[in-house]
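In order of appearance the chains are A, B, C and D, and numbering begins at 1 in each one.
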Amino acid sequence: MYQLIDPILVAVLLLNFAALGASQLRTVIHAIALQGVLLGVLVVVAHNEFTIWAVLMACAAITLKGIFIPRLLFHAIREVSIRREVEPIIGFIASLLLGGLGTALAVLFSNTLPIAQEHVGSLIVPAALSTTLTGFLILTTRVKAITQVVGYLVLENGIFIFGMLLVEAMPFLVEIGVLLDLFVAIFVMGIIINRISREFSTVSTRNLSSLKE
Amino acid sequence: MTQLLVITAIVLHAISGVPGLLFKRSADAGQKLSVALSTFGTVVGITGSIASLWFSTPKTSIIAIDGLSVIFLLPIFLISTLGSIYGLSYWKQADHPDNGQKLRLFYGLVTAALAAVTIAANAIVFLVAWEIMALSAYFLITTEDKDTAVRESGWVYLIATHLATLCLFGLFALLHSATGSFQLSPLTAGAVAPGVFTAMFLLALIGFGLKAGLMPLHMWLPGAHAMAPSHVSALMSGVLIKIGIYGFLRLCSLLPEPPLWWGGVILAVGVTSGVLGVVFALGQHDLKRLLAYHSIENIGIITIGIGLAMVGRTLERTDFVLLGMAGALLHVWNHGLFKSLLFLSAGAVIHATHTREIDQLGGLAKSMPRTALYFAVGAAAICGLPPLNGFVSEFLIYLGLFHSLNSGSGMTWTAAAFAIPALAMIGALAVTCFVKAFGAVFLGVARSEHARHAHEAKSMMTGPMLALVGFCLAIGLTPLLVAPVLEHGIRAWEPAAFDSGQKLTMLAPLGWLTIAGAALIVLITLGSFVLARRLRRCGVNPGVTWDCGYAAPASTMQYTSSSFAQMIVALFSWVLRPRVETPAEQPVFANAAHFHSHVSDIVLDGVLRPSFRFGAKITSSFRFLQAGNIHAYLFYIVLFLICLLLWR
Amino acid sequence: MLISQIIVHVVLLLVMPPLLLGVIGKTKALFGGRVGPPLFQAFFDLIKLFQKGSVISSTTTWVFRAGPVVGLATAILAGLFIPFGGHASPVSFSGDLILFAYLFALGRFFTASAALDTGSAFEGMGAAREVTFSCLAEPALFFGFLVLAKLSGSLSLTAMLDGPMPNSWGAAGASLVLVAASLFIVLLVENSRIPFDDPNTHLELTMIHEVMVLDHSGPALGMILYGAAMKLFVMCALLLRIVAPFDSGNIWVDWGIFAVGMLALAMVIGVVESIMARFKLTFVPTFLVAACLLSAFGIILLLR
Amino acid sequence: MVWLLVLIPLLLAVAAVLIPSGRLRPWLVPFGGLIQVVLVVFAISSENVSGFQGWLLLDPLGKLVLLFISVLFFICSLYVPGYLSLRAERPTRLFCACLLSMLGMMTLMTLSHHLGLMWVAMEATTLASAPLLLFNSSTRSLEATWKYLLIGSVGIALALLGSFFLAYASLYEGLESTLQFDDLIKLAPHLSKPWLHAAFVLLLVGYGTKMGLAPMHTWKPDAYGEAPGLVGALLAGGVTSCAFLAILRFYSLCVASGEAAFAREIFIFSGILSMVVAAVFMIRQRDFKRMLAYSSVEHMGILVLGIGVGGLATYGALLHLLTNGLTKGVLFLSAGNIHRAFGSKLTDDVRGAIRRVPMSGALFLAGFLAITGSPPFGPFISEFTILNGAIGSGKFVVAALFLLLLAIVFVGMGSTVLRVTQGTPSTPATATDFRESPRFVIPILLFLGMSLLLGLYIPPQLESLLKNAALFVENGV
């Protein structure tokens, strides 16, 4: 089952590009939801055996990343009638190129890090790093608050992937705690987006720059 | 026991302003109580300080009183109390309900802290006392903080004093690294690299020099002295800036084997301060600013003495050390006495006329005869004229410098060769400046309504001045009496100074000064007697001043202080950079014309303000980094992360 | 030191100064082809002034009267520190040269203040000039003292000027020439002689010293004149000892040499006054700076 | 028993939500604060406080920070009832509950010896403080909260990645992969260096974001500027201390693994950088609350600089943690009072605060003097100790830079503070009828008093606490 990890990770990477290149908000959220589901699967695969905790964890991850958060985001879009376009600061092509560059860098950097015997050749580290970078790219180049939440989510996904290396190290309690925190964070962000849209009647962060020097 | 007395005095001074807070803002009772506390504290403190000269007490790790401390303790207590008595009438609580309480609170604190600095035996106590002193002084300067100019001056002071404190941080940290403790105890040569000693010396020179107001670190001094209430100016100029000298002396005494160039640097700084201080004073037409620049000058003179003593330490010439230090220490006292006297009398003038502009005054000797007399004594003393105290200390420094002529070392006597004429020039310039100040303020005819309606100061104000006059005369006429105390101070600074068996009284003919002074007084009395007799015998006709036949001399025809100083200002225009408004070419029938020259401070207004403005402009240009754009913020994080990941 | 010597010193100090003024006047008259006033004219003036009534401006205070008194008193006291000829001065101690210089400063302080006390523009102008020029004259004087102290290795005027002077000419003649020149300039400036000042002009605007005393009259003016003459005398005595350090060995011959020398110096001043025109006022500082440089150069020569 | 320390504040938070009385609710906060202080004092004096198989452990460093946080919280909490009575129009339920849960989470932070748990606690602190920032419910506070939340979350995400890296560093060497701090310390000499370096950098950036080190400080001026003064004091004193505590733990890990030099270099670099950035933005700062935020950035820089210098300076930095936090309490609370009185926090509008609100104005001024290192206040001793450490260890350039930056900061901060406090009181259009009653002043006085006390005298118990903590940081045990 261990050999399933790499195909899943390739899919995750492709979804990164999808999230970067899509112009429709809806598409982006779908991509992220799919990525979340894949990560849930990854948990089981990485554990290499069907323990009850592993399944529980996978379920939690899938529910949260694949279902709950995307629903929340969709809800937000509907609720505050966000326009459907992504509104990038730099163009989609440029985003994609930067994403490619980031992935390359991630691979290069992960090559400089020594890898344990059992993980040599595995895509986990490069995938984790490049997903993290993709998250940062989305965070820094997308105007809408909601896309920034998406970026944060991608960032977290990258870290989640890295966590797969440490399945033994990470007690489930902590993992659950991490997921819970993520959830609450997104939830609070959602609330704030909601209020922002009420106050500013837009959720573009362009309006959120009155606090400055 | 003596330590206990001094500490009691410090505590009494520290709390002297507190009772005032409990009384009503319009009541004078608190003020009287505070003066009583302060007076009592001073009596106790002076007793304790003098006693500690004869009954030596063991040093503790916190406080230590030695001869050097006593030299500085005495004027601190004395002048503070005289000032607070003066304040009874000058800054009456009832007249200043808004800030009288604050003033007295910090006045007591600053006195206590000053005294505490001089007896601190370790760096931490020193720093704490130092900063309480510095901050209290800030609040004293900004007593009238509603006034923008006052706030401005206070701010400049605060920056300067904080820079000084930071220098002291560095200094004491170096001391700590050299000795492993914070005790202010002498270092041994070779304990650390020579570079560390040099760094300590330079930090001390800058840190303490900032407080003392050495040119070019004097930028805070004129404004602060001008803006503070006069008795505060007296305290600041009289003793507060001397604490910088104290600190510098104390530190120098700890550093072993000073290289010759240290002394040279100190001498050069002293000469610069002395000459430029008085030159700048000449350009002023604010009475208190003028006096403030004279403080810079006198600090310069003191520093010349210290420089000589340092050279003496290097060359192991006890005569330089004795004469230089004696001159410097005595000048610390003397300047404290006559400068407070001058500030107090200037305060009386301001109190009576409500202006500090010299060119608005004039003729006050008629309406304020006592104040005028006291000012004249102070002026003569500050110019170093015999038979007053200023002469004695300058005499000692001159003598020391002349001694360095036969030192054999070419370097040092070159130092003397430029310091002696410089000192002479300082003296002559001071005479010029004080003739100008005394003449323009007290002599001639009133130049404005302010001056015309002046009245003599109350006895609470003239009393302290009279006391100071007495001290000036006493030291000037009987310098032998103070020599033992000075020797104690020198012994604390450099114990080796007496190794060769030389004594101050052997090197300096102080007794002759008494005789000469007495002779001078006799001659003057005799002359006055003769003149008075002749005048009575031959008759005196009152008349108007003869103005080449001009029919109606007016007060505006008098020479103003600007005009008086014009030639000197022109001579020194290369450093003063005066802004002169000369009258334009006039037609045959001349219109009203106007001559005015203004000398701004070259360091503050010429260098510091522009560079601060420039710095602020540079920093403002970085504001775009924080423009409210969250994307940029996140980008900084990534960037920083990548930088650190690539660190090694 | 003999009491008799002190008495001679004091008598000379008190009596001789007005005579110098007479000699100067006579010399100038000779040059001008006139007979000129008698040699003792200054004495007559003084006596007359001390008997005249005075007009004192109502704007003045005690300072106005203190000026002449202090001016005279300081000059007399200063005269006691300076050795006349080869004789020790009555009062002499280490560092008396400092007191000597500062006594004149004290006098200046009060005469200038007295001038300001009248409230007259002219007198203010004079006072300003007087004190301003002294700012440059003082360093020059002290530069001179430095050279003398270095050469003699001592710090009292008597010891500096008395014994070693002849030897010093051999050792450092060049320096002494420079110092003498410098002191001569200082002397002319401080005593308001041509070419720096003209006591006899009728134009107040151009004067220095004389304009300060415009308002003084009667005994007060007499004191001022006397004091000024004494100052001239004392400074001449200083200069004389430097340029003519002759000792005959006999005390009384030395007094004679001194008196003759002083008269000769007065004649020199008279000659200078006769053959030179008055400089523009603005040149005075330049000359004083030059005087400083001359004696400073004297020191540099010693540095070798 | 150790879990009580965390649980009681949380239970009280729940109580705050449930309690119906709006009058009683604010008093729950000081009540909770008091209980916490008592418990903490008790816990500190006990020998061995641990629980959950070493997941929770009160080590010397934790003792110090925990004591500090509980005292800070208690004094701040005294301000709460008065403050909330002023803001009667705002709902207090969430405010009180969040305050108390923040206390619980901060306590958890100091106790946790498990990297994951620590991370959870840190993030929870962020989340609990977000509603506090939003208390004013203006568009500006909304914006501030958004930035605080997003930047904080991103930063903390990096910290999580760093924690994973650290765990991997042990896994790679064939050791048991663990996130438990004590195990990591034991394994430290064997950890993989490249992973350790990368982990350290990520953790520094991550927790540094919460701490507010430049250039991750960008949320600070916005958040502190818009938050109530009380919340500002808690954030600047409490949350930052927690983040610093985390960084210290990773530092001692570096020390244990023999990589101290690397960590110190980075500490010194980022410390100086923070001070520079703070100095640059403090000059001509027109908003006095934002100015305080930059001052906080500066002092965070000083803290890491002190650790970077090491030796004596480590002690200094730990002391500075206390002194800075207490003095920040003075500044934020008094700034809050001034803000309330004038209805503005811009120097253009606010003048003469000493005459308008005498105590708050004077305390603000005193706080400024204290925070800039004027003797005899506490920050003087701590900054001076750091300087001593720098000079004692021969880092003269660092010492010189440190002094220079302190000077610049003083000038920048002073001109703003003096403009606010001195002169004739202005009456901007926004001025309120705020009256300065004892309940708004006593907490500030307490803060100032403690700051002053630490400058003059450090109690021997605290001294030994500090010494042990410094030893712990330097040695990891």
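Keep in mind that, in the parts below, a residue touches a chain if its C-beta (ideal position, glycine included) is under 8 Å from a C-beta of that chain, and two chains touch if they have at least 3 such contacts.
Nothing here was measured: the structure is a model prediction, and the numbers come from that model.
Chemist: Going by the average position of its CA atoms, which chain sits the greatest distance from chain B?
Modeler: Looking at centroid distances, A is the chain farthest away.
Chemist: Please report how many Å separate the Cα centroid of chain A from that of chain C, as a whole number.
Modeler: Taking the mean C-alpha position of each chain, the two centres sit 99 Å apart.
Chemist: From the mean C-alpha coordinate of chain C to that of chain D, what's the distance rounded to whole Å?
Modeler: 77
Chemist: Averaging over Cα atoms per chain, report the distance between chain B and chain C in Å.
Modeler: Here chain B and chain C have centroids separated by 35 Å.
Chemist: How far is the middle of chain A from the middle of chain D, if each middle is the mean of its Cα atoms, in Å?
Modeler: Averaging C-alpha atoms per chain gives centres 30 Å apart.
Chemist: So which stretches of chain B touch two or more other chains?
Modeler: Residues 623, 626, 628, 630, 632, 634, 645 of chain B each touch two or more of the other chains.
Chemist: I need the residues of chain A touching at least two other chains; which ones are they?
Modeler: Correct list: 136, 139, 148, 205, 208-211, 213.
Chemist: Got the chain C residues that touch at least 2 other chains?
Modeler: In chain C, nothing touches at least two other chains.
Chemist: Check the chains against each other and report every pair that touches.
Modeler: Contacting pairs: A-B, A-D, B-C, B-D.
Chemist: Where on chain C is chain B touching in the complex?
Modeler: 50-63, 65-66, 68-70, 72-74, 76-77, 80, 91, 93-96, 98-99, 101-103, 105-106, 108-109, 112-113, 115-125, 127-129, 131-132, 134-143, 145-146, 149-150, 153, 155, 204, 214-215, 218-220, 223, 285, 292, 296, 299, 303
Chemist: Mind pulling up the chain B residues that touch chain A in the complex?
Modeler: Chain B residues touching chain A: 623, 626-632, 634-635, 638, 645.
Chemist: Please output the residues of chain D touching chain B within their complex, sorted ascending.
Modeler: Interface residues on chain D, with respect to chain B: 146-147, 150-151, 154-155, 158, 197-198, 201-202, 204-205, 209, 215-216, 218-219, 221-222, 262, 265-266, 279-281, 283-284, 352, 354, 369, 372-376, 380-381, 383-384, 387-388, 390-392, 396, 399-400, 403, 406-407, 410-411, 414-415, 418, 422-424, 455-456.
Chemist: Spell out the part of chain B that touches chain C in their complex, as residue ranges.
Modeler: Chain B residues touching chain C: 362-363, 365-366, 369, 372, 376, 379-380, 383-386, 391, 394-395, 398-399, 402-403, 405-406, 410, 413-414, 416-417, 420-425, 427-429, 431-432, 434-436, 438-440, 442-445, 507-509, 512-513, 515-516, 519-520, 523-524, 526-528, 530-532, 534-535, 538-548, 553, 555, 557-559, 563-568, 571.
Chemist: Given the complex with chain A, which residues does chain D contribute to the contact?
Modeler: Answer in residue numbers: 114, 116-117, 119-120, 123-124, 126-127, 130-131, 134, 139-140, 142-147, 149-150, 153-154, 157, 160-161, 164-165, 167-168, 171-172, 174, 176-179, 192, 194-195, 198, 221-222, 225-226, 281, 290.
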